[in-house]
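What follows is a group of structures, each given as structure tokens.
Look for chain A in each of the two complexes below; its partner is chain B in the first and chain C in the second.
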Partner chain A sequence: MGPKAIDVGRHPNIELLTYSEVEAVSGYVGNFSVKIRKKARYVDPEVCNSCNECAKVCPVVKPDEYQMGLGSRKAIYIPYPQAVPCSYILNMDDCLGTTPIACGKCADVCEQECIDYDDRDEIIERDVGAVIVAIGLDVYDPTELDDYGYTRFENVITSMEFERLICAGGPTAGHFIRPTDRERPKRIGFVQCVGSRNAAIGRPYCSNICCMNTIKDTLLLADHYPDLTNTVFYQDIRAFGKSFEDMFQRSKEAGTRYIRGLPGDIEEDPLTRNLLVTVENTTTGKLERHEFDMLVLSVGVIPPKDLAKISGLLTLSKTSDGFFLESHPKLKPIDAPTRGVYFAGFCESPKDIKDSVCQAGAAASRSGALLNAGQITVEAITSYIIEDACTKCGACASVCPYGAIIWEKGQFPVVVEAACAGCGCCGATCKSNAIVMRHFTDEQLIAQIRAILADKPEDKVFVFACNWCSYAGGDMAGISRIHYPSTNRVVRTMCSARVSEDMVLEAFRCGAPIVLVSGCHYADCHYINANRQTVKRVQRLWNKLDRLGIRPERLQLEWISAAEGQKFAKVMVQVEELRKKVTKEEIEQTIKALQEKPKKQRKAKSAKQTEASVSTP
Partner chain B sequence: MSERQVDGDLRIGVFVCDCGLNIAGAVDCAAVSEYAETLPDVVCAVRNKYTCADPGQNEIKNAIREHRLNRVVIASCTPRQHEPTFRQCVLEAGLNPYLMEMANLREHCSWVHPGDWDGATAKAKDLVAGAVARARFLEPQVEMTVPVTKAALVIGGGVAGMEAALELADAGHKVVLVEKEASIGGIMAQLDKTYPTMDCSI
Partner chain C sequence: MTKKESFRCMMCGYEFEEPVEPGEDKERTCPMCRSNSIRHMKKRAVKDKTGESDE
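Moving on, here comes the complex of A and B:
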């Protein structure tokens, strides 16, 4: 990895912004504007020559995060000797103070004069055509698994701490010792699947890398200390990749014992500080007790904590295990559902270094193809305004999540087509029917509703589903072959916010017993936050239905993500149960109550739309 | 190829896909096809074994020419998978791609209602009726072309982010690599040796 990091640091085409975070992303495929916060580092990396004089005089000692807290660092420090950029950084939260009275020693000794106490965060703006999301992973913290004794027993460590203890660049210079007595341990136990394949703690997935990592660890120990014994407690050993099985066999040949069964309980001998492990060996069916000098918990990996933030910035979704959702699990595994955004590495799903590098190459290739094309076409699903019908109220501009409608009081609103993403929220909001959504017009959708409900509507549940989440959730139910009642009829719109009051009422007028509006989860709307309007509209409709003597529960609202095939099916079962309770008489009364409302408005709009679409080039 | 004009009477063609037995195994595709023929403005309904395969697409193109179709409804799978395929197909036959509509008889019907032959068939008919009704109001659309900014943002400077940035940069593209920590390398920089070759991670 070292050579890659160095290449990144000096590549003329790469602008490397470390200690920086993406704060905002606007725009669309090919045309993203990005705001990046470059945090104050207080040391100029261009000038710092890593002489270490500053750290020598710094009086603050803190646990070193790079060494997993097993070593210490100063308030001014370099993360590790080979770091890129090779520069120190001053952590202001740790610093005693920069005034000469408080401290200020580091700046005094810095011959390069690269320490600047007045450094401030900087906001940098960049325009890009493509985005690659490679935000990696976090490591599972096993403290919550109290039976394993992590943090209670000092000689129970995690596999990440093991990495630092065995590493020549670690706090012990690679001498493997146990924390309590600094002696070299003789009997090491490894526990697999700590935080993985454990539904009880909400982590049912396999972390992919831990089996091979432990096998590697046993070989390292056998190589360094031939007299040491290794024992691995496991559920299944997953050694599926190239050369993996060979390593597994070598580990066994080197004397590592593999015992199938995960420890039920771990105790510490208070005298020796050794660890007593009780385990059911599932191969023999017998209860066993083992004693170790040291125990390594082979911890799983979890989605990075920044995933939600990045997800919000780029309107991405996640699968049930918490990692990013790709466009298609087999055919488009690199593309995010948002066009122009690609995934590389762990954040999409647990994978090892080789697979991360492979996926990164693929992401570079996918985005390179986009950048090379120079221009792209965007789907013609944007909105336009019929000025003859427009009352200049500006409601459309106020609900547009993209600010794509420009409006000033007393003026006609103007749609900036390049900024319009086509959610249709404006079209559903406009009370004077002056907005047409290309390819998802009112008349197209109303015609579809009427045709579907033309025959025996009482047998059907009418469903509006947004393209990105709920409709895709329906697709996922299909791909996963999850069965549900065949009574539902789905109409697709780009966003749930496209579904107007009139569309819902039209479905009831046509005799639908139940109408379901479904969209992306509330905070995960593909169109930033358009589905907030969905909620408001459905709430207004519930009130309206109530006033008209129609049971509001006949209109349902559900959030179903693209990954939630099971939820889609479950919701279809629920709405079918509701449908069964709606009588023919009730439907007839509903139709009557709604027909008393004049439908002039929509007809006027349909006529205007036809007129307008003819005159549109 | 120049697009044919779509003025005049509506002439809709419906293509019902068996998808091998993926759809035909749970839905009476013959009945759906027959039903489609009775819908307003439908001038032909054709059943295909695999509509997305070349023979299936050729059948659509031939029917567009032969029947002077100006709207096409394809009753097959999810538009989230094959809409680009069929848009391109009708375009090759001279029809504006936005005059094609799909009905999802596979992911939303046959795959989720096996063993419910009558229910699935009734649903499939409704989905086709809905698609035909919508198709009657479809209009040709012109897609907007927008320029692409020739630079990429890579978020995260671990091994994946570094690799992606280097590949793009080596190909001549400008890259902005954003890393939240003080140095790049990510979790990999904290590892000692890495499998399966046991070499140093840094």
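Moving on, here comes the complex of A and C:
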């Protein structure tokens, strides 16, 4: 990593801002404006020659975060040996005082005179065309799951701490010793999947890197200390990368014992401080006891703590495991749903160095292609505002998942077409019908509803299906030759959030016995989180139907993914069953209940839309 | 802050209670029939910031 970081620091076309934090991002693809806080370092990195004289005289000793607390640092320090820029930094929270009267020893000895106690944070702004999010990961904290005695037994350490203990640049200069007696351990146990693949603690995903990291560690130990015995407790060894299986075999050949089963109980021998591990070997089905000098917990990875902040700044969303949601898991794994934003590395999903490098290269290429083109093609399906009808309420701006509608109180909202992805949520939300969604106008959709239900509506189940998932789920059911009732009639919208309350009510007004609104699962929403508005809307409709004396069960909501042909068919069977229970009298009563309040407003609005759609771009 | 709230499956009619965390973003499924037609049986009408109301 060191040489790469140095290259970046020296590159004439790269401005490297370290010890800085993004405070705000505004704008859209090609036109982002980023506000950055450059934190005060109290040391001028341009002048500092890393002579270490300041650290020598600093009286403050603190645990070194880079050494996982196994070593110490001073209040003025270099964060890690190959840090770029290679300059000291003064941690003011640790420093004894900001005036030379309190301490000031470091400034006294600094020949370069590069220490400035009056340094302050600086806010800078940069205009950028694309953003690559590469905020990395955090490591699982095993204190949460104390089953393995991490907080109770000193000789139970994490894989990160182990890494520092065997590193030549580590706190022991690479001499491998155990914490309690500083002797070299002879029997090492590794416990896999600590904080990974554990639904009970809300982390059901595989962290991807831990198996290979442990295999690497066993090979390293076998190479350096042939007298040492290694035992690995695992659920499954996942060695699926290039040459990884070979490494796994070499580890076994080097004498590492692999025991399938995770320890159930760990005790410490009070005399020797050795660790006694009870484990059910799931291969033999027998309960075993093992004694180790040291136990290494192979800790998993978790989404970085700053992820929530960055998702707020860039309107990104998360998958159920907490990592960033990509534009498409298979076809656009580098792109964020927000145009002009790309992902690299762990923040998108757990991955090893090679995959991170691949993704980083791809993200650089994607943004390079975007910027070099100099222009972008906007989506054909975007929305625009009819100012004559707009009441300036701003509801559209509040529901846009992309922040593509700019609105200020008392002003007409403005759609930034470069940022609009075309979900149509704004159009369905607008109460005054002042938004037209190109190619999916209210007019067009209402016309489809009326045409479908013009003849024998009582025999039909009316379905709104989103383009990306449920409609494709219907296709999947078809190509998989799955049988389901032929009574359904589907209207496709780009997103389920495009379906307005009025469209659903219009279907009932036209005599639909059952209306189904279907969309993508939460994690799959192709418009970040637009389908959450669908849920809110359907919820309101259920309440409304109830009040009007219409059975709310006649409106159904389902999430069907493109792969769920089976589910699509199952739902069609279920809604057909519901349809059979709706009588003609019930339909007539519904039509009457809904016609009691004629929708003058809608008619007026659709007239405006027709006018506008004829005359607009 | 987590409190249990009532839900009703609009597909099979099953009623159940589930904890609801403030600001949660959770896809709900009927424990009986796996349907997503889950109606949140709130006591009072609520207004959200979109201005769309229960009324």
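Definition applied: the second predicted complex is superposed on the first by the 376 of 617 C-alpha atoms of A that agree within 3 Å, B and C clash if a C-alpha of one lies under 4 Å from a C-alpha of the other, contacts with A are read in each partner's own complex, and residues count from 1 in each chain.
We adopt the following convention: a contact is a pair of C-beta atoms (placed from the backbone, for glycine too) under 8 Å apart; a residue touches a chain by one contact, two chains touch by 3 or more.
Only a predicted model underlies this, so the values are computations on that prediction, with no experimental measurement involved.
J.: So in the superposed three-chain picture, is A:I514 touching just chain B, just chain C, both, or none of them (first/second/both/neither)?
T.: Neither: A:I514 stays clear of chain B and chain C.
J.: Quick check on the superposed pair: does A:A497 touch chain B, chain C, both, or neither? Answer first, second, both or neither.
T.: In the superposition, A:A497 touches no partner, neither chain B nor chain C.
J.: When the two structures are overlaid on chain A, which partner does A:L297 contact: first (chain B), second (chain C), both, or neither?
T.: Neither partner.
J.: So, does A:S243 touch the first partner chain B, the second partner chain C, both, or neither?
T.: first
J.: In this superposition, which partner touches a larger number of chain A residues, chain B or chain C?
T.: Counting residues of chain A touched by each partner, the higher count goes to B.
J.: Scan A:E558 for contacts with chain B and chain C and give back first, second, both or neither.
T.: second
J.: Going by the contact rule set out at the top, does A:V399 touch chain B (first), chain C (second), both, or neither?
T.: second
J.: Which residues of chain A are in contact with chain B in one complex and with chain C in the other?
T.: Common to the two interfaces on chain A: nothing.
J.: Within the complex, which stretch of chain C touches chain A?
T.: Listed in rising order, the residues are 10-11, 13, 25-27, 33, 35-40, 45, 48-54.
J.: Contact residues on chain B for chain A in the complex?
T.: Contact set of chain B toward chain A: 78-81, 98, 104, 106-109, 111-114, 116, 119-120, 122-123, 126-127, 129-134, 136-139, 141-198, 200-202.
J.: Name, in rising order, each residue of chain A that touches chain C in their complex.
T.: 393, 395, 398-399, 429, 431, 501, 521-523, 529, 532-533, 536-537, 539-540, 542-544, 552-553, 555-559, 571, 574, 578
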